[in-house]
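All remarks here apply to the structure that follows.
Going in written order, the chains are labelled A, B, C and D, and every chain counts its residues from 1.
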Amino acid sequence: MNEYPTALGASSRDAITLLGHDLARDVMGEVGFGELAFWLATQRRPEPGEVRVFEAVLAALADHGFTPTAMVTRLTYLSAPDSVQGALAAGLLGTGSRFLGVTEDTGRFLHDVLAGGRLPMDDAGWDALALRTVTAQRADGRFVPGLGHHVHKDGDPRTPRLMQIAREEGLFGPHLQLFAAIGRVHPQVLGKTLPLNGAGVCGAALADLGLPLPLLRGFALLARTAGLIGQLAEELRHPVANEIFLSVDLHNRSVPPDPWIPEA
Amino acid sequence: MNEYPTALGASSRDAITLLGHDLARDVMGEVGFGELAFWLATQRRPEPGEVRVFEAVLAALADHGFTPTAMVTRLTYLSAPDSVQGALAAGLLGTGSRFLGVTEDTGRFLHDVLAGGRLPMDDAGWDALALRTVTAQRADGRFVPGLGHHVHKDGDPRTPRLMQIAREEGLFGPHLQLFAAIGRVHPQVLGKTLPLNGAGVCGAALADLGLPLPLLRGFALLARTAGLIGQLAEELRHPVANEIFLSVDLHNRSVPPDPWIPEA
Amino acid sequence: MNEYPTALGASSRDAITLLGHDLARDVMGEVGFGELAFWLATQRRPEPGEVRVFEAVLAALADHGFTPTAMVTRLTYLSAPDSVQGALAAGLLGTGSRFLGVTEDTGRFLHDVLAGGRLPMDDAGWDALALRTVTAQRADGRFVPGLGHHVHKDGDPRTPRLMQIAREEGLFGPHLQLFAAIGRVHPQVLGKTLPLNGAGVCGAALADLGLPLPLLRGFALLARTAGLIGQLAEELRHPVANEIFLSVDLHNRSVPPDPWIPEA
Amino acid sequence: MNEYPTALGASSRDAITLLGHDLARDVMGEVGFGELAFWLATQRRPEPGEVRVFEAVLAALADHGFTPTAMVTRLTYLSAPDSVQGALAAGLLGTGSRFLGVTEDTGRFLHDVLAGGRLPMDDAGWDALALRTVTAQRADGRFVPGLGHHVHKDGDPRTPRLMQIAREEGLFGPHLQLFAAIGRVHPQVLGKTLPLNGAGVCGAALADLGLPLPLLRGFALLARTAGLIGQLAEELRHPVANEIFLSVDLHNRSVPPDPWIPEA
């Protein structure tokens, strides 16, 4: 007979446990939500400083205004107001490679560079490693994840702030070190100065917190769930989705079919 | 030209604001994630006591072990490991009327009973209102939302705990009052004692916090997003989804088609 | 030990069956896709006339241009191009009560009116039943599902066409009869003439085909899946999603938070 | 002012067009559903032989019994029966890289091998190309997509059947040629004989039909939508989802947390 082991929620007639603790007595009222999310993902309870950095990341990613995902949640709710879960799920489905994927890509990239090597001892060492890294990416014709932003061209205000918080909490680890060094040295290689973007620094910070790399995107999704609830709450009172829909529908223009011809 | 007003995220070349505050300076590192989620949903910053009750609710709803939604997230990840967002979205789609819907149903139900009426002054008054309420539901052949649990038949441990936390924070409002009174009086009407369940008390507490009723289900979804990330993290290291799949697939039994005959 | 019976797909080392038939020999190359979808849903193979009516319904519902669901699929693909399944799923999530839900609502409504009663013998009988039906809805302050269209105010061209096809195939059954009669008599009650809309007539036709009422929305979803693939194919070659996104993002206007105040 | 051109659905007060044709007059009742899906994706109307091959592919992919995606749709419906669209969308989200992704991977792989080269003139030429292809994959330590099946170890019955249908319709093009040749020559390289699987041959056939490669997965999703409606229809009458849920939930075993330790 199969058995399915789990350290997450379990319940008997009288008790409910979560992560080996009594849910009602030890978790409810005692553990903040960011702390709990971290704990669930790692099965270890984070330190207060870790929680602060983690929650700063979630704040940085929660809402970016009228992004495609926000529009998707509002339009889905317009079309199917009977299903709040559908509207949120639809919005989350846009959290892929292009928008919030940067967080995961940056964390993984920095981790791969660091994997197996000895860590530099000082800033000069970090700069040297960063220089090799950026040079190698360029030689391969690849971007450096986390570098560049289409709006915050002179600097993304989230980046220095998250670095500062991580320093305050003694959590400015190797991923952030390398990311900061990339920020210092890349102009030598690329011939122009690009900002370290907020999604990227979040990936670096999450990696320094020791969170599972394959799930970094998951934390962006968690942050965004809170943001999308905010979008729905605003849509309920100050709706814009129908206006967005009409702005497109009223300006569609019928054109003849353009038959698809496969490339040889 | 259309304009789309929003009080949520906004950014210019140099600055990012969220809810009218400077995101980097005033939100990151300063605002916990539960607090931020509350703020995003209501556009008002909650008091510390409100945050504690709110986060206790989120803890109560975050993970209930191998629920259908947890199984769905694990099975979807098994089948499409390239899309963490798809696995989480699929799990959230199960957060509907039957499982986590109780939270919303209870909040709405209590609110409808209270709407427009004068609030009772004391426990006797609450009991009388609860008695009328349960009696009316029964006469209509309808269940009282939040009453009964298929496992915790002698009492759901989350219920007294959340009530205690709400009292400690001075947030034991009319929805919790009425819900508690229903717990006291329903045996007189129904002839048996049922537990006030955890999903229900969460709905009562969220309603007392003044959160938007049409979005109560959204908070269950937020809590569950954290739980589902935990499920994925566990699945990554101690996978069970393939075993679950095989336990079904290996015991399927082919039967002849059973043609559907519409009812007259 | 549990066993899970099914009449759908099954396979052994050497053979694959579907609905009790050899998939490779008897289904592939022999059964059209509309026919197969009908067969899967009802576990009975439809007659050619039933297939024609069914496929006419699917054609009527497949694509309606820049609907919210089409926009959602395009925007999700813009944001997460790595996941075609996510873009399609997101679009389908908008197929709820407001847009395509009319199909299901109309089918259910007509079925409920007909349930258990004796069927009229002639047009006069149908008109009398329709008159009672519309009058009762009006007295209850409820709309008649399938009546009215915000664009095709003088008549939805799909309605007479689908009725004609159903007549040609001898499948103009009681649901279509009642729906047609509602079209004739409602001006007497409502004091104005509204069109019978295409989504509604599709629901009536699907009900007359004996398809399961709780899944009528499912057929709208099937039709729409084909339409959304068309939307994605067009987006790949003639993209508009980014322009739609920018048309909103560039015209957002930051406003102060508007704190939510719960109704008493 | 933006304008959004489209060749898909468009409507005016009096008329509805789809792909440049009058929907009611020229499409409804005249165009089968498989044919329409092809047309929507390519903006060209397929020939009858193309429709037959296309619908054979859809039949091959529609339902494979108790797959993870089928289980997901049933479990989601159990949990949220109010949202058929959510149950279908959840199931589709599992149509990713592992299960139905093979169709797309195989089509793309064959296309990449063929791209830009001169096509072989005879079977010997195809065999030589296939030999180079399999050898190169092996040298890179990569699998050949579409080769191998965990159940149909001696041959997948869908493969010869689809090849036969394509031959009958004069649509046995270069992708199928190369795929067949891979089936003939791979034992020389791999030292064992693997079956050409059904998902792979479907990808080859879709590529030969000239369908857009980035959307090949979309056709698997379309086929699967029909299959998942069948799964829901069966679940409605012969439910098994609750039994599946309980078979897991009753055999969960609580284990202590296993803290995540990041790799260095």
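By definition in this document, a contact is a pair of C-beta atoms (placed from the backbone, for glycine too) under 8 Å apart; a residue touches a chain by one contact, two chains touch by 3 or more.
Not measured: the values here are computed from a predicted model.
Counting only chains that touch, the fewest steps needed to get from chain A to chain C is 1. Compared with chain D, the chain whose C-alpha mean position is the greatest distance off is B. Rounded to whole angstrom, the centroid-to-centroid distance between chain B and chain D, based on C-alpha atoms, equals 37 Å.
Separating the centre of chain B from that of chain C, both taken as means of CA atoms, is a distance of 31 Å. Annotation: 24 Å between the Cα-based centres of chain A and chain B.
Annotation for chain B: residues 2, 4-7, 10, 41-43, 65-66, 80, 82-83, 85-86, 89-90, 93-96, 212, 233, 238, 244, 247-248, 252, 258, 260 touch two or more other chains. Across the complex, chain C meets chain B through its residues 1-7, 10, 17, 19-20, 41-44, 80, 82-83, 85-86, 89, 93, 115-116, 207, 210-213, 248, 251-264.
Put simply, chain D touches chain C in their complex at residues 2, 4-16, 18, 22-25, 27-29, 31-34, 36-37, 40-43, 52, 54-56, 58-60, 62-66, 70, 83-86, 88-90, 92-96, 151-155, 157-158, 160-162, 164-165, 168, 198, 212, 214-215, 217-219, 221-223, 225-227, 229-234, 236, 238, 240, 243-244, 247. On chain D, the positions that touch chain B within their shared complex are 65-69, 71-72, 75-76, 78-83, 86-87, 89-91, 93-99, 101, 233, 237-238, 241, 244-245, 247-249, 252, 258, 260.
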